[in-house]
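Chain naming follows the written order as A, B, C and D, and within any one chain the residues start at number 1.
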């Protein structure tokens, strides 16, 4: 998506585009809800960890970090959160997580999970301080978040113990457990529920249909959000699976709220 | 806030205005976090309810509804959610709540809580179906959500049992327990933590300072959101209470993310 | 109850007695479930505390400590648990609480809650280390758990701020907030739900009826547990409120389990 | 263990025995804490289920049922509980689960999990009513809980889709997903954390040492519980992993409680 915005700014985007990634339904499912489950699944499948009683540092408290933190807390882990953004940081506090710098808790934690979208969030200095057996993995962006290159030095021994699991052995015998060589963990070690795939595919298909059917001039050579009404339509299609029953506005209520009975129900920026 | 937007659209707004109500920090605290606590407090102080095992219908799954539902679920209640917006509805499902129409569960629930901002969400037909002892209250907007007028009819007897608590008695002896005569419950029956007041007051003060100091032309006679950076500043000031330690971007990271080290860290529409 | 056992051991109990306090139903409701709600209610009513983001030390992880810890965690507090019994301590760990000595966390916490049944769990040395504004209260036994006498010294000023709330002021201006003068908090500052009263009263009544109707010789001059079947009967009577539907064993299942279809379903020591 | 008790009652037990299975530490870990994690792990590994929004019936609310219900609720499932014992049933209600008969919810649920230790808890009549795609599995005893034999009839087609997963196809095309052919799911589809194995092995070793070292006459040809003190010792050995710090009784406190400073801290029947 970043690429599209760059093209657009540079005046090089030659067709209209819809940024489906930022539609609410897709965001929540791909990030919050999907990660809440896949972090547990990935950790079990790779490192076979017992969650109860474990101390974990989660770096980043966006949707992915929120999902990972909530899941681990629910399973009995003690979670520390790191953040750069004071608003997300305050949310982490109110959700019951200690907000700490990684350097201040890295000696005591059993696991470090990156969810920032940033680079070099876990660096060699951190890993030098970790205790024996600490698990390090990345739920965020590509393979930039953990400085894995800093571990490819002569004094450290890599031992590949099974698929997606390497032990990095320090000269004193200390091991850290690196998952998926620092690449995105749930993409390599978990599955994506078909429900989530369905949401993504439906969103993409509706965006294409919208662009194809739109009257001349509605979309220029720019990047757009999926119209709120289509986002709501995707959601409504997926409610049936849950045997969920939506309430309909009465005429009087629709008028009072200044809404159409058939949506959209929120402004396009509502999250 | 609605009023300001109306004035602005009508060209009658004669000064610039900042809509502090929609800043992230204020929203989350006034609605989600504050209601999560005040719903429990208000219900204990008025109706002295045991939460465990109770069945509750929460109407509306915005920030207020999310806060109320989470708190009651955590205390052992079984919560049903009603929604008109399929996106919020889907979130309720994924958070573990059954999504139902009020009419379909109103016979079985012990409590109905409105959090919609709409009018006539609970009407006489619903109340006729409620079981004896059902508690009805409003955590949403003013006193429109419950159709209290429909209860002021000759065949129903009102019995004022204590401050903020009325029993409405049906001809067959059935009673429903109406709290705060349908006005906003936590405003009448709970307190607002000073922490939340501090966030609100700080946000308002910073907005006024911003408008006063802004260079000519930055703000026209319109309604603006609080600049993201000020919103983040409010949050950062309130982190200290929690002994929370924010992480600072390195120069390399700031460059990678295309951010200033001192924020703003998110786009103005990020929630 | 302790008194009865002492009398019995000393051969001075002149009638049979049933220890209703240790029946499962009463225990769970009076301690775990009731305290889970009343700790929140009591703290709101006295100190008007916002729970989110607060650091709390809970001393003791029996039923009362489990209830208090779970409730505060659910409301967004960060809870540290202290314990003397390694089995309860291990449960606290697996439930996601850091197990610490009070002395090691007392400087950082916003609240200390005692739930031990022991004496002098919070002593003057702890209170000297607390930070300004720290709240201290007792959910355990009578008024022994907090050494309140150690605060009645000339250099400390007591300021009574409202019912059940005293500020104790150190020479340097630091205040700690003592609730209910160290007596049991929920007894002085919360109410007992009628549901819980009903369970207690039913248990007592059934115990008396059992003693009255028992054939000669079933009970000697000793202290007995409520027969499991009566404990189960109390529970079954209280299920109706929740519209809860119990499953009945088939003849084949009862035979397979070696149980009567009508209970008791567990050994008398099952908890 | 049942076997041992039968031998003992029949006078055929020719050596003393310690029932390590009923020691608190082993029970809680093997059942509650272990199942809380392994139910999620097993379901992901076999049926690759998304938990959020799913409706689940959990049959039985003992330690295993409590663990499974809590985990699924935490992951966003809506859980119904069935029970025969009114005391466990009341606990399920207070923990926020609807207590229902299986027959009353079996049409609507997406999953049925048995945790009863009983036989024929899920029978053909139930499975005839299940909706298409319903997952059926057993976390309880051996392979008695689901009447799998009733599915081995000519009109139903079995399709083995992968290890531990069979589709049973009804004449109208409806499929139910049977896991592990009704055998204990977590034994066949999950792993046991080494932490839990360590607790079990330590408990067994200490029991053997106790029997070997016990003075003549302490144990007769009967079945005993592990002495509380040894149970506590197992727990204390396993606290170190969590960096957990136990509090020690002062002399004054030990005297007040009538306890030794080194335990045992609870009566042998305390759970």
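Note that in this section a contact is a pair of C-beta atoms (placed from the backbone, for glycine too) under 8 Å apart; a residue touches a chain by one contact, two chains touch by 3 or more.
Remember, predicted model here, so these are calculated numbers, not experimental data.
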| item | value |
| --- | --- |
| Chain copies touching (subunit B, subunit C) - same or different residues, decided at half shared | same |
| Pair with more cross-chain C-beta pairs in contact, given C-D and A-C | C-D |
| Centre distance in Å when subunit C and subunit D are each reduced to the mean of their C-alpha atoms | 26 |
| Between subunit B and subunit C, centroid-to-centroid distance (C-alpha), Å | 33 |
| Mean-CA-position distance for subunit C and subunit A (Å) | 40 |
| Touching two or more other chains - residue numbers and ranges from subunit C | 33, 52-53, 75-76, 93-94, 98, 242, 244 |
| Chain contact graph, described as a line, ring, star, complete graph or other shape | complete |
| Touching residues on subunit A, where the partner in the complex is subunit D | 33, 36-37, 40-41, 44-45, 48-55, 71, 74-76, 108, 190-191, 193, 195-196, 241-244 |
| Touching residues on subunit A, where the partner in the complex is subunit B | 24-25, 28-29, 33, 82-87, 89-94, 98-102, 104, 117-121, 144, 231-233, 235-236, 238-239, 242, 244-250, 252-253, 256-257, 263, 265-266, 269-271 |
| Complex interface listing, subunit C residues touching subunit A | 52-53, 73, 75-78, 93-98 |
